[in-house]
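Take this structure first; my questions come after.
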Amino acid sequence: MSDRESDIRAPPATGDDGGGEVRYLSQSDLSVPTHQIVAPDGSYDERAVPDLDDEEFLDLYRWMVTDRVFSRRMVNIQRRGELGTFGSTRGQEASIIGSAFTLRPDDWLYVGRAWTPMFMRGASMKDMILFWRGIEEGQEAFAKHNSQIAISIGSHLPLVAGIAWGMHLDDADAVATAYLGDGATSTGAAHEGINLAGSLGLPALFFCQNNQYAISMPYERQSGANTIAQKALAYGIDAIRVDGQDVLAVYDAVQSARERVTEGEPVFVESVTYRLDAHTTSDDPTRYRSDEEVEHWEAHDPIERYRQFLKSEGLWSEIDHDAVVEEIDAEFDEALAAANEMEERAVSEMFTYLYDELPPELARQLAEFEDLLERRPEMYDYIEHRPKG
Amino acid sequence: MSDRESDIRAPPATGDDGGGEVRYLSQSDLSVPTHQIVAPDGSYDERAVPDLDDEEFLDLYRWMVTDRVFSRRMVNIQRRGELGTFGSTRGQEASIIGSAFTLRPDDWLYVGRAWTPMFMRGASMKDMILFWRGIEEGQEAFAKHNSQIAISIGSHLPLVAGIAWGMHLDDADAVATAYLGDGATSTGAAHEGINLAGSLGLPALFFCQNNQYAISMPYERQSGANTIAQKALAYGIDAIRVDGQDVLAVYDAVQSARERVTEGEPVFVESVTYRLDAHTTSDDPTRYRSDEEVEHWEAHDPIERYRQFLKSEGLWSEIDHDAVVEEIDAEFDEALAAANEMEERAVSEMFTYLYDELPPELARQLAEFEDLLERRPEMYDYIEHRPKG
Amino acid sequence: MQATIVQAVNDALHTEMGRDDRVVVFGEDVAESGGVFRATDELLEEFGSKRVVDTPLSEIAIVGGAAGMAMYGYRPVAEIQFSGFLPPAFDQLVTNASRIRWRTRGELSAPMVVRMPYGAGVRALEHHSESLEGAYAHIPGLQVVVPSTPADTKGLLTAAIRDPDPVLFMEPKRIYRSIREEVPEGEHEVPIGEAAVRREGEDVTVVAWGSMMPPTLEAVEEGGVDAEVIDLRSISPMDTETVVESVKKTGRCVVAHEGPRTLGVGSEIVARINDEALMYLEAPIERVTGFDTPVPLLSMEDFYFPHPPRILDGIEAALAD
Amino acid sequence: MQATIVQAVNDALHTEMGRDDRVVVFGEDVAESGGVFRATDELLEEFGSKRVVDTPLSEIAIVGGAAGMAMYGYRPVAEIQFSGFLPPAFDQLVTNASRIRWRTRGELSAPMVVRMPYGAGVRALEHHSESLEGAYAHIPGLQVVVPSTPADTKGLLTAAIRDPDPVLFMEPKRIYRSIREEVPEGEHEVPIGEAAVRREGEDVTVVAWGSMMPPTLEAVEEGGVDAEVIDLRSISPMDTETVVESVKKTGRCVVAHEGPRTLGVGSEIVARINDEALMYLEAPIERVTGFDTPVPLLSMEDFYFPHPPRILDGIEAALAD
């Protein structure tokens, strides 16, 4: 029904094709513009630049560098065996920072591949190290800032719709944001979560980083849809497609989207970007993509592109890049040291956080186990308590 | 990526919006034509009429009447207590018959609200009565004709994708068809099944009867999308929207779709129709829709519209409507009598069809139960063996 | 007030929505039409369309959405139309609802209820008759509650809504309307995790819940057995103590349930009695259960779930040796 | 040939794909990259892109698609990347795969395999460590198989692929590469439904499977116990007879598994022994299991699953009374 307001729903559709050939609705008829402000060659139209002050422009840069340094350091300590595994975000910095820069503290955020947004919302690098070391305090810390990381791909979309529903009931001046990957769009959970937001008109913002791969699966084979943005049409939700290597375009798009969302309309943003590193430290991307392709995208480095912009604006001189990196490295060193201080935790932690009150069977299991650990210290020959993941 | 063939995937999207305003992709920019051949007033353009011979034109009518009579009779015997429950298809005859008329015996078919297609494929009215009486022989009979009815809404879409995948492996000259309702489009299972077909290019045909309601839920609130056809864009699949009260338009659309599918492209068809009766015999539609609305749609009766067409074509005289109804009624009487002959079945049936070979635990449970039934005939005071549903 | 089980559900919802405006009811066909069993009748009229909401046909979104809304601070009571349609949302139970508190070390939690009619015997179609509590109670962090009387239905549903953690509330639809009894007006809470002794006895302990309670009591009556009949009420957490103490007294036990036998809740009860009272057992514990098959379609469904003679047969077997 | 468990998986797939061209392998990252554990390595190269296919990230479509393809006549072997990602497809198991034959009275069937690595201990993230066989084995019509040695892995996977009904094949990823043994070249089939006695003994019966086998054998060795050690191998159907006969001999029993205790497979084993050998029991059966909590994140996951001292403690408890 195109007239959603009519009292009696529309009559059997009237033929607007005059009884001719069967006509197909096809994606080839769809034109999906991609928002861009700074072109790959660094050029841009002054008038399109978002209205930020100098400090904000510089902040965008600092956060992108933070993202890059953090990934580098994490990959590094993982190689040294000080981390279970890690998913680097190198290449996606503009996409991640440009979007998260628009969020406010009351907003909720559920992410996939995007770690720095947690820092932007008040969590610490230490918290993130703990998370990747498999220490529950990481997620606890994120939760304090209305943020969570979802591991089961797509599973968080219904949660985000539910959070947005709560905001809607509250008339809250906030949005619930889900980051998701290209792969996540194929899941039933994502579908149902986004559809719920669309059908109830919930203040949810869906930010999809199309980084071209779901582990080894290229987006072209993930779905028959040429763009991810067009998937929003399935929910009657408006969408923006944006160049994910252009931090200003991402900021501009998500800023606009966030405003619409606060007015009660969910919005879907596809950010076209690229994961330059492996899926995680356990992955070997040479099995499924060419060096040539990676080099091609290396040449579209988002930080480099933004640097061009800062230079054109005369802001570059305000940044001492090496000092910025040094500062972040120092922050990381400190975070790592703090994380390394983590005490071994009591075995009761496994049990006590499951329910508000420990039920009898669980209390019994805990007591038995504590007793066993006391009686059989040889248990510790088998248990690696891994405060370093 | 719009160029799905390129060796290196597309570079960061180039701005085709010249750095201007953020532009939204919105369903309001979408024009979704609705295919129609015979207008509600009975007029049509000769040249658009599908190329069928007279007998086929008459068959369409007979099948539509079969569908209507079958629903009437089933509702009737349900009221008499001779059936558990039943979902009438009154109002959807053009949608159901026009589509199923295009299918071939080697095609597979999984349906929701659509019963006559089973008859068209060789199952009998008796089989359908058995099905609604909760007698497994119904589904067994359908299966012989590569057909099944799915009760869990949306759950069959992945199966149909899998069947289509088999056909694709086989290079079979056949299509796998799923009928689904407007409500089913909200399920994760439907999403994943259709996406699989789209991404692998499987010979699947999705025929969605948008009958405006999922029980009490009107389509406008089922999804934010104005049309269901546009949901196909999410999968890169081509779609047709068709006036589901116009049997020739439905036939034409699905015929065209089926051809494309055999060429290796899945197609999605939305048929806009209306359920005139209750959801099932347990439902009271006056709780959620107005008499006015129902009357409005009664005036768009698909059989009536087709009658107009037959009259204009000079074919109406070849039909003795009352005789047709009488014949179908007789067929139903016979089917009902045959169904009523159903013997009580052995209790072992509950067990023996689960695995190819009865595993020991199940054999044990069966033996115990048979023994019990023998030892305690008072069991039958509690068991209504319901050969009539 | 006199009420049936389904009326008690409705009453609890009315009462709790009136008491706490964080309580929100949603699901398929719950608002406009008041639910396919009328369990949510008149809620829309009384509490309006913001707090009583029809959702799209999407169980994943219903359960996951409830978890999100609960995390945010509301008290969602979501309906799944029939228990056979909860499996699509299994992942949201395992991956999200049951773990929010655990994952965030108590920083967030998911005080939500998923209610659904379960069980066979109402002549419905395939998938409308499941009793899979055995699978759900295996999920750490998820509470599973099954009432068997109108008063308990109100009291336990009230407790479930007020509980700080997620509860799957399974309503015995076969007896939705067959029992009518006095149900307390106004607020009424029955604690989760406590079994009820429906009948004291010395010779054998019979444990059942939900729609198995009437046939169980009938079997005991019929057989003239001096049985202690326990209505488990909470499957998870389970009131092991009440069961074990009773078995220590009687030395014999029967468990009756409707779900499949293998890995059904009966197995867990046997295992717990084994843990704590094995040496009191004078005979094997009898499991009188549904079979390890799907529930037959309606024409033969009556064969599937235990009736009084089958339960009595189990009781007599337990008493035999 | 000498092989590890994961190599045995790969070998079985190569052999069966070579033998029967109806066998098709698909899942996330199984083709181009050969699987995250390399279980499907070189299949794409040998059998081409029509029979070895990377799917979208959609577990519902993978499991449901396998059922459809199997109905149509192929022999799909679908991979779920980690057991924690099977729950989204729970409904396709319950509603479709397990019921195709039953629903059509044998007219159609779903000869399919869903294989997946399960269990904790490889330092992976949340949801990568689950052992929910207790929930899956509760589904009527679904077979659940868990190998513990390379030779069995090949033999049981072969049997699963050839089986006319659906099989959930759970691979113990913690020991994917830690055991290497002789695995028969070419075709090798081990029947589903038969347990293996890994060690004969008189004093106590110890039942385990999958990744619990090495610590179980180690505990027995360590403790110098004269235990009969049974590798269950098939969870469903279960070889009750082998277990019961052994318990009749030893009078004592321990079950060790990794999944949560409540409604874990251990409960079912206790219940079956109760049914058939209660009066032979000289002591309560000990369940040495994972706890009724989610598997802790990696830093504490080692606490979760049973290690030799815990298993030995269970054995000694069973021997004590």
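Note that the chains are named A, B, C and D in the order they appear, and that numbering of residues resets to 1 at the start of each chain.
The criterion applied here is as follows: a residue touches a chain if its C-beta (ideal position, glycine included) is under 8 Å from a C-beta of that chain, and two chains touch if they have at least 3 such contacts.
What you see is a predicted model, and the numbers here were worked out from it, not measured in a lab.
If you take subunit B and subunit D together, the chains in touch with both are A, C.
Among the other chains, A has the CA centre that is most remote from the centre of subunit C. Rounded to a whole number, the gap between the C-alpha centres of subunit C and subunit D is 30 angstrom. Separation between the centroids of subunit A and subunit D, computed from CA atoms only, is 35 Å. Between the Cα centres of subunit A and subunit C there is a gap of 39 Å.
Listed for subunit A are residues 136, 152, 155, 186-189, 192, 195, 199, 221-223, 349, 354, 361-362, each touching two or more other chains.
Subunit D has residues 56, 58-61, 84, 88, 91, 95, 102-103, 126-127, 140-141, 238, 262, 291-294 in contact with two or more other chains.
Viewed as a contact network, the protein chains are fully connected, with every chain touching every other.
Partner subunit A is touched in their complex by these residues of subunit D: 28-29, 32-34, 36, 54, 56-61, 84-85, 88, 123-128, 215, 261-262, 291-294, 296-304, 307-310, 312-313.
Subunit D makes touch with subunit B in their complex at residues 24, 50-51, 53, 55-56, 58-61, 63-74, 76, 88, 91-92, 95-96, 101-109, 140-141, 143, 163-165, 193, 237-238, 240-241. The residues of subunit A lying in touch with subunit B in their complex are 1-2, 4, 8-9, 11-20, 22-27, 30, 32-37, 39-40, 44-45, 47-48, 186-189, 191-192, 195, 198-199, 201, 212, 218-227, 229-246, 249, 252-253, 256-257, 266-267, 272-274, 290, 292-293, 296-297, 300. Taken together, the subunit A residues at the contact with subunit D in this complex read 84-85, 133-136, 151-155, 183-184, 186-189, 214-217, 221-223, 282-284, 287-288, 345, 347, 349-351, 354, 361-362, 365-366, 369, 372, 375-376, 378-379, 381-389. The part of subunit B that touches subunit D in the complex is made up of residues 108, 136-137, 139-140, 142-144, 148, 152, 155-167, 169-170, 176, 188-189, 192-193, 195-196, 199-200, 349, 353-356, 359-362.
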